[in-house]
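Each of the two complexes below includes chain A, the first together with chain B, the second together with chain C.
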Partner chain A sequence: MSSNAIKTRTAPVRRRSAQQRAEGWRGWLFAAPTAVIVVVLFVVPLLLVFQMSASDWPLLGGNKGLNVPENFTDAVANRFFWNAVGFTLLYTVITTVILLGLALGLALLVQESTRWKGFLRTAILIPSALGLASASLLFYVLYSPIAGPFAGLMNDLGFTFLGTPEGALWSTVFLIVWRYAGFYMLLMLVGLQAIPDEVYEAARIDGASRWQTFRSVTVPLLKPTIAMTMVLCITGSLLAFEQFYILTKGGPDNSTITVVQLIYSVAFQGPNNLGVAAALSVIVLAALVVINIAQIRVFNDKEPK
Partner chain B sequence: MARIKGRLGRIAAVTVAGALAVTLAACSSGGGGGAAAPADIPATGTDDGSTLTLWTRAPLEKQAKLLVEAYNASHENQVDLTVVPNDDYVAKVGAAAGANGLPDLFAADIVYAPNWASQGLWKDITTQIDGLEYKDDLNKGHLAAGTVDDKEYVVPFVLDLSMLFWNKELFKEAGLDPEKAPANLEEFADAAKKIQALNKPGTYGTATGLNCGGCLVFTWFPSVWADGDQVLSDDGLESLLNSDTAKKVYDTWKDLYDSGAVLPSSTDEAGPTWTAGFTEGKVGLQFYPATLLSSTPFDAGVSGIPGPEGGQSTFVGGDGIGISKDSEKSAQAWNFLSWLTSEDAQVGVLAKNGDAVARGDLASNQYSEADPRLVTINEVAAEGQTPLALNFQQAFNAPSSPWLTLVRNAVLDGGGSVDADNDEITAVLSQ
Partner chain C sequence: MSVQSLPTSNTTSSSTTGPATAGEPAPLPPKRRRQGSRIGGIALRTPFWVLSGGLAIVFLYPLIWAGVSSFAPLAGTNQTDGWGIGNYITLANYQAGIWTYIGNSLFVSLLTVVLTLVTSLLGGYAFARFRFPGKNALFLATLAILMVPYASLLIPLYVLLNMIGLSNSLVGVSLVLTMLQLPFSTFLMRVSFEAVPKELDEAAMVDGCSRFSALWRVLIPAVKPGMITVGLFAFLAAWNDFLAPLILINDSDKMTLPLAISNLRGQVQGVVDYGATEAGVVVLALPCVVLFLVLQRHYVRGFLSGAFKG
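Let's turn to the complex of A and B:
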């Protein structure tokens, strides 16, 4: 913009450029607070992680010099690496399908019902006000075979929520659905309300059934919202940590180790190797960038231009 | 958006907190042990009214508080105690070590001491420890764990011994002799089954933490030692946990588990509540930490942990303590450590609270005479062991440790994979 402006306006060059320089400075001044935050809290840490991933860096010993590519080969050779990748993908697919399906259903329900709208919306949204760690602690107690309210029931039936790999996975999925359904419902609701009434009216006049309206009007017009929630949900699930850290600690029998949990355990629980942990972080970062680019591509291609 | 930002932010924060911290320190300490404390420290240190900081982990909170209170009451120096949750302790010490922000004194689970000492987190206090006239009476396991290349870094802070505790009331009800300890692992299992056979609702024969590597190390290793076997090679690089004795231990527990005499929540117990069942009187007998003797509200019998063939042993655990590499008050910190090993602290605080003393010459004292169980504990302590290995945390205590896999396969599943699982432990130990 600014360079174009300079090129086209040739007459009063000096005055203009001085003014523009002043404006440029002012612009930088306005941007500075954000820029500082971004640099200090994002760019510097990111560079540090890259440096760490290339260094032999024990938690207790500090930087001990270059260690490439050993950190990366060690990271991939970790005996839980492929299990963690597999489990994280499985968990991501399950939560994304359930959460988005449920969120869309709830959003339609809330939009359709007129009398209970406010109550429903609040009731579904309330769990979102709870931090994920607090919610996980709450469910830890609920699922506890000693302290939980279902302890007696579990005793009689001889099962525990977190005792088997499947149980632990689904118990955690339940927690996440409970915690995030409201949030995604809200996003869907915003998308739904952005669809103009006229389109629905036209569909009604054309004699479309409810299902036809949903399939041919709602879903296509909701596509941007679905794309956004899907990116959010997939990214969030791939980075799952708190819920598993608190509820299962990766157990039982190492069946619920997610990739981020693996990073944490390599850094702090045993190997105490920040170098390998950072290498894992870099791998995850790369994977996330690729996955998100792919998702955005897919949704963009389908949209009519 | 908040969700993504929150998560990315947290990951960045985790990696970055470490990164920032460690970069600052990158140029300081190297491997191979810490620097020596100044040589001119008086024999009992300096008591000049300085404030010392001390970190320890939550399981030993009670003892640490009593010790610090007693020290503060009798000295000019004041110790400022910070108690950190067990699971966060390594991460906290790691971050502080990187930032050169370690407190003057900090304790470590004694099984981590070999690693931390060789990383140079403590000052070399060989001269000071050798100057103690009762050095030969100090617990050898703890001293050995804190010695690297003949340099000594650690003295015993609080000893935690694993002992067999039994509920005398439940023993009586089950027709067992409440004054007699099971002589071997088989009798232990029989007693558990008999108490289970009482069919009292909510009462179980025994309990353990089958998803807690640390608990299992603490309570099952002694059964192997009791029969004269070892769990690790001397250099700590090889696991011997597939010996016949060890296999007998797993088999006994599998039998107990299958017979339903083990508290059901033990299956997934990851540590936080592994002793709760016994303390509440719901469990007949259990391998249990001796530090909880004073918190056990009912009449409990105490003996060493038996092996399959008889004999008894204990895991000499607990925490060792040293002066951190970052302390600028070594002389004052040594004052606390020399007091800690003195009769005033060992008998006047620890024995009084019903804890084991770290000095053999004080094993029988005025308090142990009043409670013969303390004599038992102190005597078994002399026969106990502390396993030494650099990669102990990763091999045994970590939530995803191969040791946990071995035990869970052997007890919860069919067994039969002990040898292969043992190789996995060796692989981690020898890294």
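Let's turn to the complex of A and C:
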């Protein structure tokens, strides 16, 4: 193989295909672990979820035969279904707008490297090292009317963070922003770094103000980054689970049940109906595919490459 | 703010490696402004200091508070008067004992890191350096893992792992977590390999290296920052994951740490032991925070250089 590089250059076209085949085999050899994991733990379960969504499949009983479209009608007829969909969408919009706006602002704020800004970057990034479950547990205590630092204040004013539907929603949004701002800030910084300095210099020479530079140089050139972070943020928020499972437990009055929580409870808490849970999963999957394709379309239309 | 004050001749402004050198003492800003404008500068920068100081407090306060109050006295906990480690004693004696749960979490995390590193190293190399039929399909399938709801996959995975005898098993959890890490890690490793000039491994092969030893001897050192990033992300994800063990693990002595601490809250007649929960959060968060602080420069740099070319 040592003369591979030389051979490809000098060999006649006819020999190249045999070599390409050998190359292909070696490529597959290196890609084999990835392929095995992707097929066994991703493609097969993905097909299985479609089969399950069409089958009567209790948690402990296994496959009991075909059950379409009852699984899907049962899923939509679940008394929490539309509430969960509405709440998940609302939560997604709020989180995405706040998180991405803040992340871009923070990225611009800490962009230059000074000692203080380096410290600031670290401070904002540290919560990203925590797990969502740990962060939720932390805020569960922080928001508590007994042990939290705002306990006295809450007693005086007679409110609790998690006591009302709005309070629970915004408290969770704050937790998520706290946990993820650094992560998205970092992605934005990566995007900002990719903008060549010459462009800024040109804008400066042309006498553009800071705001003009931001609007006409930074934002358009940052569009691919914004698109990517938006897809990530929307997908992540639509699939919210831990924060609500731990922090609000879906309450108060079942006002903060997300779609994934619904899937979990249908499958493992009570109905134990994997068929309906799979049907819900398929619905979520379809919705996500549609939303993501729509987003990619929108961004590609605005700025064709 | 001070952008306009930069002298145009100042070339260091274009060489700002910026966040890439996070944590490094910055090269001194080269422009010392004229004396006259200094007071104006301070006045202009006051809002910046207030804003950024406030931000630092908002982001750090919850962590510091949790650390401090886990030692503080609180009614209804094991630490009612005076400061001490009462809450940690409650935590240590919870059910199977905290060490069991830490052990479970460590096992899952380390196995996930190893599996993720091996898979994405070989996979990233294959995607960056080989042409083979089905390459793009496989790469897209790997990235598609991101598009599919985690929770939707866990329901069939629960059934599937039952079938292959990995139900209620920490190995099963690790395999699932490895799969979930693959889109990010494969992408990052592919990009890391692509950032290495092809001439480097071609030269190695001309010198008599096989593909594998070229990878082992020449390329691995070159993509090490990417590997550290991948390993760090895999560890953090696995150590912190909640949903996979929640669904896949049944025995209480096989629970991982986040699950155990989440369950600990409602243990005594529905009364929440906030103190023990705080102690649990500290135990959960401390390794992540320390690891992050130690590896931050690698982490951010690997991230930046990785995503750059992507």
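Assume the second predicted complex is superposed on the first by the 275 of 305 C-alpha atoms of A that agree within 3 Å, B and C clash if a C-alpha of one lies under 4 Å from a C-alpha of the other, contacts with A are read in each partner's own complex, and residues count from 1 in each chain.
The rule is short, and it goes like this: a contact is a pair of C-beta atoms (placed from the backbone, for glycine too) under 8 Å apart; a residue touches a chain by one contact, two chains touch by 3 or more.
The shown structure was predicted, so the numbers you read here are calculated from the model rather than taken from an experiment.
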Partner chain in contact with A:Ala278 - chain B first, chain C second, else both or neither: both
Comparing the two partners chain B and chain C, which touches a greater set of residues in chain A: C
A:Arg115 touches, of chain B and chain C: first, second, both or neither? second
Partner chain in contact with A:Ala267 - chain B first, chain C second, else both or neither: both
Partner chain(s) touched by A:Asn155 [first = chain B, second = chain C, both, neither]: first
First (chain B), second (chain C), both or neither touched by A:Arg210: second
Partner chain(s) touched by A:Trp82 [first = chain B, second = chain C, both, neither]: neither
Which superposed partner A:Leu239 touches (first chain B, second chain C, both, neither): both
Which superposed partner A:Gly163 touches (first chain B, second chain C, both, neither): first
Partner chain in contact with A:Pro45 - chain B first, chain C second, else both or neither: both
Chain A residues contacted in one complex by chain B, in the other by chain C: 41-42, 45-46, 48-49, 52, 57, 144, 146-147, 235, 239, 241, 260, 263-264, 267-268, 274, 277-278, 281
Interfacial residue positions of chain A with respect to chain B in the complex: 41-42, 45-46, 48-49, 51-52, 57-64, 79-80, 144-147, 155, 158, 160, 162-163, 180, 183, 232, 235-236, 239, 241, 249-254, 257, 260, 263-265, 267-272, 274, 277-278, 281
Contacting residues of chain B [partner chain A, same complex]: 1, 3-4, 7-8, 10-12, 14-16, 18-20, 22-23, 25-31, 90-91, 93-94, 97-98, 115-116, 119-121, 211, 264-265, 267-268, 270, 273, 276-277, 391, 393-395, 397-401, 405, 408, 424
Interface residues, chain A side, partner chain C - complex: 1-6, 20, 23-35, 37-38, 41-46, 48-49, 52, 57, 106, 109-134, 137-142, 144, 146-147, 149, 178, 181-182, 186-187, 189-190, 192-194, 197-198, 201, 204, 210, 235, 238-239, 241-242, 245-246, 260, 263-264, 267-268, 274, 277-278, 281-282, 284-285, 288-289, 292
Residues of chain C that touch chain A when the two form their complex: 3-4, 8, 13-14, 16-26, 29, 51-52, 55-56, 58-60, 62-63, 65-66, 69, 74, 76, 118-120, 122-123, 125-127, 129-135, 138, 141-142, 144-153, 155-160, 175-176, 178-179, 182, 186, 202, 205-211, 236, 239-243, 247, 258, 261-262, 265, 272, 274-275, 277-278, 280-281, 284-285, 288-289, 291-293, 296, 300, 303-304, 307-308
